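Common to both upcoming complexes is chain A, partnered first by chain B, then by chain C.
Up next, the complex of A and B:
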């Protein structure tokens, strides 16, 4: 038995974090007021957020809607083939402009007073404007655009005033793995979605998605499926984690009737598994022949919504596309043979974290005072630089820190 | 409803539906798999309305052969044991249409609702949807050659263990 709290438990995140870098106060997962601060400092702050991929809206007029925190976004491909991200709000009285999750439009019309916007965001019609305020100018009332940038088709947005350029924010470690994860060039073809809400804090989701110890997954043992030892985890100081691992081909021992579920047919057998875990929320995975971008939305302090989007590559032949569909549907995601168990952990860990004390990181910890940047494939310390970044962004002091 | 169906065939189809929902409501995956044809091409798909409507092929469960149906039994009974938060379900269905497809086969659609009761928790709607089935009468009973469960929720309220 251990006792870690001398004061009464409040459930509120402590202003001062422990000096030991491998301890995360569990209160950060359940503190409702903290979520409001996170919205301000992270989700609406100087940080890039993944909201989609070009392949979801391949044609002019295609759009999708998405939320950044509580802010509704409208992501549209214009007639000029440019992808733009707007606030999903009519510039007149603020009515939600587009209600569909996705679709194709010639223009966007607000039904309230029939204001009409082009796919590129210009206000093209507003009935009765002769009687509008004296300073009204139609050209000033186009849709409000959110600052966006892209990497191989991944759409990033930021509402921060001082967000660094995307290339700087991604750093040097992320792009090589991310490129391979995206099929080398990001020319992807959407296969479909699995969308789910988890009763989990967004940090608990991000902390436990991506790479973790394989012990959770009974399937690995049942399939006698061993990971290689030549992989790596690399972290950036601003909270991203990049992971690559060798996946040895499984020897079919008869556990599955259909071994194609775990067959690797792609051209990258040496490194079958690649993960990019972005700060703050989104995780991207290439596992076997699955290309899976997990667009995560922090809904509240205890709900995280994840849109698992799966892709093929534009150059795939029909057989490869079919293989990807079959593998993607049943292996990863909220009902996948492997990832259902991850999903269970997201929710169980959220319940367990409503208790005093710390989430304790152990495997790979070599120093209690230094943030580890040199981490082995199976260490759990890869998460600690992200926690350090989070602590600094949120302004939590460390014990003994002035 | 088609005039060509006999009372015996109609009763067999009803019994199949009952056997299916009774299996899932008991959490009996072997009994669930037993409602499908033993033919290698027997299939079960569970897919969102969004993917289905947009022609996106990806599913939540994509069991396009008998082997995969049996593998799904193993996922629940062997792989996932002890990891997930238990929940019980109640399935409610109503037949919407039934058309003869030849060779003792019928195309049947039904609406479904699934209630879920989490261990230690309250009862809530998991989702609703539509079953689109190809059912074959084999002797005095019926089996699914194909069942496509198209669920209504754009976003599911939890991760999923059992088929719909």
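Up next, the complex of A and C:
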């Protein structure tokens, strides 16, 4: 029998969520006004956001730009080798300072009135300053720095006033998997980017679960990757999810003409797949010998842009680098043979959720009132702590809650 | 920190290298005049894009040499920064076949039509055993809602050889100006 919708559909996210913890109001994906609230409470709030990795800017003068919500950032490596994150805005009249996505500079010059900033953010020249306002002091007009912290080279920023320290925010279960994912020490070498624009809300993009992988991705089945027995899925109360899964060496079942592509040359074959999903929107993956950090930007309620950055390790020999390039250029991401379906799903999740009712989580649900913290590798319940954290940060009440 | 051998071997392109050499007006290649060679190259390119646009992808690997072929779709952004990562990278005939088997058998994606427009075909260099050919491409994409948009614009950089009376790609490097992919890239370009 089909189910019925009783209330008028408005497309607006309800202020009160159902008492059942496995029901997410679908309107949260398509509500344009809600996105403005998310910018304030999450992206500009008391939360750490991943904006890059040191290996993207390895040399003094290297920089990259990034957007946190609508806030433009400039990430620069100074002559002192320190990485700093600035607002990408001239301290004079607010002109966007750097327009390139990345590059190398001796200094940053605003073309409007030729104000000049050092790589470390100091204002070093400002033509005509003798006629500036009486209280003008050049040393007060350095670039505005954003609070940042790093873990094995991953650059985190926050604009919140009450954000907990990064180590506390990461918690205990994230660092072990994350450090292995980063080659043990984060000494990475950038191989390049695949950049993609998804017609999807950022929450749909980051709602991939442990249940879908062997179901959606036919290639996982064809390659006999069905999870194994030594894997796990763990979550933190503030919305991070960590996966480790076994990838058995493939038996050539005739599906693959050139099996060298899916060879595993790394050192930990028992756990060929590791994933860290940070709240709110960053995913990092090590799959076979691919090291892939996905820098996500929530552009609007219906567009999410993701820069898939791929890395080698600094200690790799030339053969290993070539192997990583080959795997990285073919398997994951928006052009990858084993998981490109995700891209199609992000769009369909977004379209399909512009309908009444709830996104219903089922696989692994054992209680309708308790947020599960102990789940299996292929459960979808691992996403519920993240949804609960989201609900609390956004201030949505539950039915029956005061 | 110093850059690696990997990156320095493909360092950023300097301005003086940007104007590529051009083949002379008159040459002979495997018995063909310059004009005949130009025509054969253009026919190869037209047949190649027709194969993709007409969804005859099972025949796509046949446009490449059987041994030691190389096919790559890479963004101009990565190339200009000296970064080797590609969107698609195949260096064996088996990998070409695997791409097609994967999109037919394994991958799930919304049906889209490609329409390639290829122009500005220039034979840049003529050697005994191969031609270097550059051309421009645009791929128009029509989604299921009937709307057509530009999916990718860029340049083909091809190494073409003469094998058993036919022209084949020994190497096809698709360098895309477009580096923001619209959702996903399934079919070859």
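By definition in this document, the second predicted complex is superposed on the first by the 389 of 402 C-alpha atoms of A that agree within 3 Å, B and C clash if a C-alpha of one lies under 4 Å from a C-alpha of the other, contacts with A are read in each partner's own complex, and residues count from 1 in each chain.
Simple rule for what comes next: a residue touches a chain if its C-beta (ideal position, glycine included) is under 8 Å from a C-beta of that chain, and two chains touch if they have at least 3 such contacts.
All values reported here derive from a predicted model rather than from experimental measurement.
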Side-by-side fit of chain B and chain C on chain A, or clash: clash
With both complexes superposed on chain A, which partner does A:310 reach: first (chain B), second (chain C), both or neither? both
Applying the touch criterion given at the start, work out whether A:257 contacts chain B, chain C, both or neither, answering first, second, both or neither. both
Should A:193 be classified as contacting the first partner (chain B), the second (chain C), both, or neither? both
Now for A:318: first (chain B), second (chain C), both, or neither, which partner does it touch? second
Output check: A:59 vs chain B and chain C. Expected answer is one of first, second, both, neither. What do you get? second
Examine A:36 and indicate which partner it touches, taking first as chain B and second as chain C; both and neither are also allowed. neither
Once the shared chain is lined up, is A:374 touching chain B (first), chain C (second), both, or neither of them? neither
Between chain B and chain C, whom does A:185 touch in the aligned arrangement: first, second, both, or neither? neither
Going by the contact rule set out at the top, does A:326 touch chain B (first), chain C (second), both, or neither? both
Set intersection of chain A contacts, chain C complex versus chain B complex: 101-102, 190-199, 216, 218-219, 222, 255-258, 261, 305, 310, 325-326, 328-330, 334-335, 337, 340-341, 343-344, 347
In the complex formed with chain A, which residues of chain C make contact? 1, 3-7, 72-73, 75, 77-78, 81, 83-95, 97-99, 101-103, 105-110, 179-186
So in the complex, the part of chain A that touches chain C is made up of which residues? 58-59, 101-102, 189-199, 216-219, 222, 255-258, 260-261, 305, 310, 312, 314, 318, 321, 325-326, 328-330, 334-335, 337-338, 340-341, 343-344, 346-347
Provide the residue numbers of chain A that touch chain B in the complex, in ascending order. 101-102, 190-199, 216, 218-219, 222, 255-258, 261, 305, 310, 325-326, 328-330, 333-335, 337, 340-341, 343-345, 347-348
List of chain B residues in touch with chain A within their complex: 46-48, 50-51, 54, 56-68, 70-71, 74-75, 78-81, 83-85, 154-161
